[in-house]
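We just call them A, B, C, D, E and F in the order they show up, numbering each chain from 1.
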Amino acid sequence: MRILLVNVNTTTSMTETMAASARRHASPGTEIVALTPTFGADGVDTAFESLLSAVGVMDVVVTYPDPFDAVILGGFGEHGREGLQELTEGPVLDIAECSAHVALMLGRTYSVVTTMQRSVGAIEDRLLTAGLFDRCASVRSTGLATLELERDPITAFDAIVDQARRAVAEDHAEVLCLGCGGMAGLDEAVAAATGVPVVDGIAAAVTLGESLVRMGLRTSKICTYAPPDPKQITGWPLSAPPR
Amino acid sequence: MRILLVNVNTTTSMTETMAASARRHASPGTEIVALTPTFGADGVDTAFESLLSAVGVMDVVVTYPDPFDAVILGGFGEHGREGLQELTEGPVLDIAECSAHVALMLGRTYSVVTTMQRSVGAIEDRLLTAGLFDRCASVRSTGLATLELERDPITAFDAIVDQARRAVAEDHAEVLCLGCGGMAGLDEAVAAATGVPVVDGIAAAVTLGESLVRMGLRTSKICTYAPPDPKQITGWPLSAPPR
Amino acid sequence: MRILLVNVNTTTSMTETMAASARRHASPGTEIVALTPTFGADGVDTAFESLLSAVGVMDVVVTYPDPFDAVILGGFGEHGREGLQELTEGPVLDIAECSAHVALMLGRTYSVVTTMQRSVGAIEDRLLTAGLFDRCASVRSTGLATLELERDPITAFDAIVDQARRAVAEDHAEVLCLGCGGMAGLDEAVAAATGVPVVDGIAAAVTLGESLVRMGLRTSKICTYAPPDPKQITGWPLSAPPR
Amino acid sequence: MRILLVNVNTTTSMTETMAASARRHASPGTEIVALTPTFGADGVDTAFESLLSAVGVMDVVVTYPDPFDAVILGGFGEHGREGLQELTEGPVLDIAECSAHVALMLGRTYSVVTTMQRSVGAIEDRLLTAGLFDRCASVRSTGLATLELERDPITAFDAIVDQARRAVAEDHAEVLCLGCGGMAGLDEAVAAATGVPVVDGIAAAVTLGESLVRMGLRTSKICTYAPPDPKQITGWPLSAPPR
Amino acid sequence: MRILLVNVNTTTSMTETMAASARRHASPGTEIVALTPTFGADGVDTAFESLLSAVGVMDVVVTYPDPFDAVILGGFGEHGREGLQELTEGPVLDIAECSAHVALMLGRTYSVVTTMQRSVGAIEDRLLTAGLFDRCASVRSTGLATLELERDPITAFDAIVDQARRAVAEDHAEVLCLGCGGMAGLDEAVAAATGVPVVDGIAAAVTLGESLVRMGLRTSKICTYAPPDPKQITGWPLSAPPR
Amino acid sequence: MRILLVNVNTTTSMTETMAASARRHASPGTEIVALTPTFGADGVDTAFESLLSAVGVMDVVVTYPDPFDAVILGGFGEHGREGLQELTEGPVLDIAECSAHVALMLGRTYSVVTTMQRSVGAIEDRLLTAGLFDRCASVRSTGLATLELERDPITAFDAIVDQARRAVAEDHAEVLCLGCGGMAGLDEAVAAATGVPVVDGIAAAVTLGESLVRMGLRTSKICTYAPPDPKQITGWPLSAPPR
């Protein structure tokens, strides 16, 4: 099967990091196609950037020329999933919801450790509207912007572990989710430092996406995610003729 | 004061309908500047179109050349408010939240009568994340698309009154909200047909926006809606150099 | 238009403070009529006093001889609004709900800073039954009784700022509400000390009340707030023949 | 032990009906003292009347000359309990909360059958603030005012049974609560007609009140229900010098 | 009347402690029959042990040879109540729900002080599914296992008081519940140390059970708790032929 | 990898049906070991039977002699998962939670179609404590007992489709879950009849379980699901010496 993994920012090095993580967890026979939007910000930390990314992500998916079986959106709390669900047939998953799904299977409660405090609200809202917030013990911020994760990985790791430990000790989290696509690959080290299972969102999304495709299940088209009726749309798609 | 009223679709006749309604309710001394996005769909009924509209709306606001005091987003359940809150200083209001605020001041519960069933979820989510969903008795669909409201106003009115009456009789709604910017101007007729107060979202947003400006209150910049840090952004703004 | 502003306690100096604040925020053409109950306590900090105040407030409103357009109840978490909604036609607003409405328009979450810890529950319940509690980050107590605010304003201000700063730092409040009519006029100083918007309940209620009246909207009479059927009522009204 | 049973309206025949029911369920050695307010309405169906009743009830309790062990408030959704909890030492219970407590012990869900639709909101709010609403399947109205229950008991009974059956069949209620003090004594007949346990609020409050007194438990005075600090109170008590 | 009091563990000394507490609070004429399961663990601190206890408890009740009026389950957060409700006619109560019922009658909020942190989730879930969690301020752990309460009562008492005081000071609990059957008898000492009412679950269950029996109320058999249809059951009952 | 699939009743033909479904969806290299308890009922429709099944299931797992990687519990709303999570290292999943996880990935809301009305509460509680209930549109009953599904599959199918269609039309469910292990294999036919995706719980659990094992994730042992400390346990295990 072919899974499109779409970064939400325009930084190709981050796309590559995610793609490597995705390929490490994919089953034999699963092809991971990593896409980077050509519209939007090089890091997504705000609602403004998140909304740009939603359009950038939809653009790169609708102009992808070949068939595919599922889409993974590499943003933790970013917009865009619902739009993609309307525009495609196969399952569309984002790494926030997939992290929460997996976390709920492993422990009674989970916490998310993310980047900046200003992003906490967006993640809480995403989990709330996904119907997965009830067992969330906390969403904690390291104070670091997305791009700082790449610039200074050692400081970033220390900040993540610090908040992760507090989530376990103070919020009674039993599982941890890494709340940014840019934290891909840190799961084992954070698990070693805290003694609890740590969910990597990319790994979660790849394996859950494969599960859905293997079961032959696709997005429900009965109502909310039915294909849009034709409209007059100006300026779309941004980069190329649609499929 | 100057208030920007931004339509979420590209249909200028709808912008004009909203603007007329806004000007009817504005205080002397309030200038309503009506803006239409140059990017996006001519009617917004889906998440795909809503996400396009968010970018279109942000684009038309950031490229507006003159100062302004507040922004009103003319979409009922559409994306974009949070992005605008980050990008501007003055209050940003959308007509869904303003309708709900006003409705809560007038009765114990309220219902929303909107366009298509597929939009109900987006409106419920918008009210939920706005913290205004607890007293919502129901969000009811007429089955009509946004653009059909203009094309066949008599059928539309009958469908709205039918659902409005059910909301009152079956869901015990005490106040009704018209759940689409394209329903502007129907409030009095629906009130006459149902015997309950009916809130027009544009009127609500204009008067509440004026209230905030008169009190000198602006969007909190302490955390979620702080201005974005500078990023490398590709393809933005869509239409012109930013302010 | 004429707005009745009703204090919930019998201390006329507090009525005057509130009235001054109301007049400062009222539009030209709005007359603020400030009323003080002749029944009840000189400060309201308990359920007992709050229930007395509800009757005192209804008494002073139903015996007011002239027409009016709206009523503002100057209590933060006090009883009485629902009774007044039944007894009058125009909108009835209390300063707790109006503060929360305005706060929700300005930031993602809000906190209330109020007087004594024993009043926190009443405020939480008021916000809950008003359908406005979901985005309340906290209700914090200064430990001061209502009447102490007048007696020692400097200590009171320091205590308010202390709790306000904690609400921002620890509870991630993005907007603050001053949770007592007696705190009217402190909003700008608290905003300066904390860096977040601060809502004055009297100002909020006056401007929102004006908005409703300008839109021609009145309390829904379809069910909960319909006029009471005639009953045999003993001892009522307390002070004079009813209108 | 001595229990004060306080009617919320001024109709002494209703007080006597309640008192008879209370005495039927009281243990040997429990004295039921039935009190009727001298202030307020002869039937309570609205918030206005409920707030008057709260003051009437507090008045008749604080001017009662002898010691007592507990207070039962005979209103289903009426105001006043919190005030009485501040003013007295022993437990204060109202029949709405006691009905819900007992219902939760007997089945997975319960419904309330009450008088007028306009009272449904007050009952829901009372159960919500009592922390007992989660398992409430519905609050259903018969459309009858409180005083109509006495005037036409056969019609009233039929209307109650009709709503009771719907609560069981449509809302999956497993236990029923009679949502008005004036329905005292109908529990067995409604149980026979529906096949589910029916809770009489007076019986529930008397037996639960006795349980608390026997355990030596009294209202918590640590915070919310501490005795009010002395204030200047005008016009209080209404009927006689306080204890 | 005869009430079966069933311990959830196999430690007969704990059964006796509970029985003594129950008899101290029972009315004259109430016979307390204390039963100890012959299957399961000598202390219940985990879900595994709780599920064993549910079967042990059902076994000892269905093989009890004589009639009885009510059953009290001596576990705080343990499984089994629903099964017993199906298997018997009279009321079945557990000490967790009864503690919460009583606590809600005495103050605005309550906290539970229990044994190990690992049991907190089970207690929260029990209160949630009982519909009694809304006003729970916290469930706090002493870090002690059930059997340690008996082994070292002085250390246990100190740990309980420490957490009880924090519940009052930090969580604003107004009433405390002792969250383990093995804490029976400590209520007065903890109340003296904290200044708030403390509920002993056994006392609460005995007096509430008596109340229900006196009112002639039994478990609703309309749906969830109807007697099971006959099935082929292997290995049941564990200890003797059923009634 | 080896996955234990444990039926919750003692009917081996149902175990075989589930095992066949599981093997159909398992990846190459996954061994499905199907186990049937030797204790409990031949069909589980009640809390009594569910609690027996929990012990029967734990017994058959702890006495299974060989290593395994994950456990799937074939009950929809039955007890036992938490106990198994304490007793084993690898992931433990039940088909109710797995169905809900998959459903949430495919549509905005889901409904469950199950057997008898009396089981609806248990399923709702299971989804609630799993943190997956928020987006559940309804749990609907066909009125059929578990064993009737096998006895009369055509009637059963019709009843399931009838409720499934109502869930879509009346409750706006966008995805359906088959709420009983005995409905395994009907998913495609129900999907064809309703036009929405239908989740088979066994398929969901097998593929999700494989995902977790492939990611190397195991149950969190930090708190709630830590291994039980040694206790004196009478009568356990039921069938053989433990591992």
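Just so we're on the same page, contacts are C-beta pairs under 8 Å (C-beta built on N, C-alpha and C of every residue); 3 or more make two chains touch, one makes a residue touch a chain.
Please read all numbers here as calculations on a predicted model, not as lab measurements.
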* Touching subunit D and also subunit F, the following chains -> B, E
* Repeat of interface C-D, chosen from A-E, A-B or D-F - more than half of residue-number contact pairs shared -> A-B
* Asked: Which chain is most remote from subunit B in terms of Cα centres?
  -> E
* Chain whose mean Cα position lies farthest from subunit A -> D
* Structure fact -> Distance in whole angstrom between the CA centres of subunit A and subunit C is 44
* Asked: Distance from the CA centroid of subunit C to that of subunit F, rounded to the nearest Å?
  -> 52
* **Residues within subunit C bordering two or more other chains** => 108, 117, 121, 128, 172, 223-225
* So how do the chains connect up here, line, ring, star, complete, or something else (other)? -> other
* Structure fact -> Each pair of chains that touches is included here, namely A-B, A-C, A-E, A-F, B-C, B-D, B-F, C-D, C-E, D-E, D-F, E-F
* Structure fact -> subunit F contacts subunit D in the complex at 117, 120-121
* Inside the complex, what are the residues of subunit D that reach subunit F? -> 108-109, 172
* In their shared complex, at which residues does subunit A touch subunit F? -> 25, 27, 91, 93, 97, 101-102, 104-108, 128, 130-135, 168, 172, 174-175, 195-197, 199-200, 203-204, 207-208, 210-212, 214-215, 217-220, 222-225
* Complex contacts: residues of subunit A adjacent to subunit B -> 10, 38-43, 45-52, 54-55, 58, 79-80, 82-83, 85-87, 117-118, 121-122, 125, 128-129, 145, 223-226, 228-229, 231-236, 238
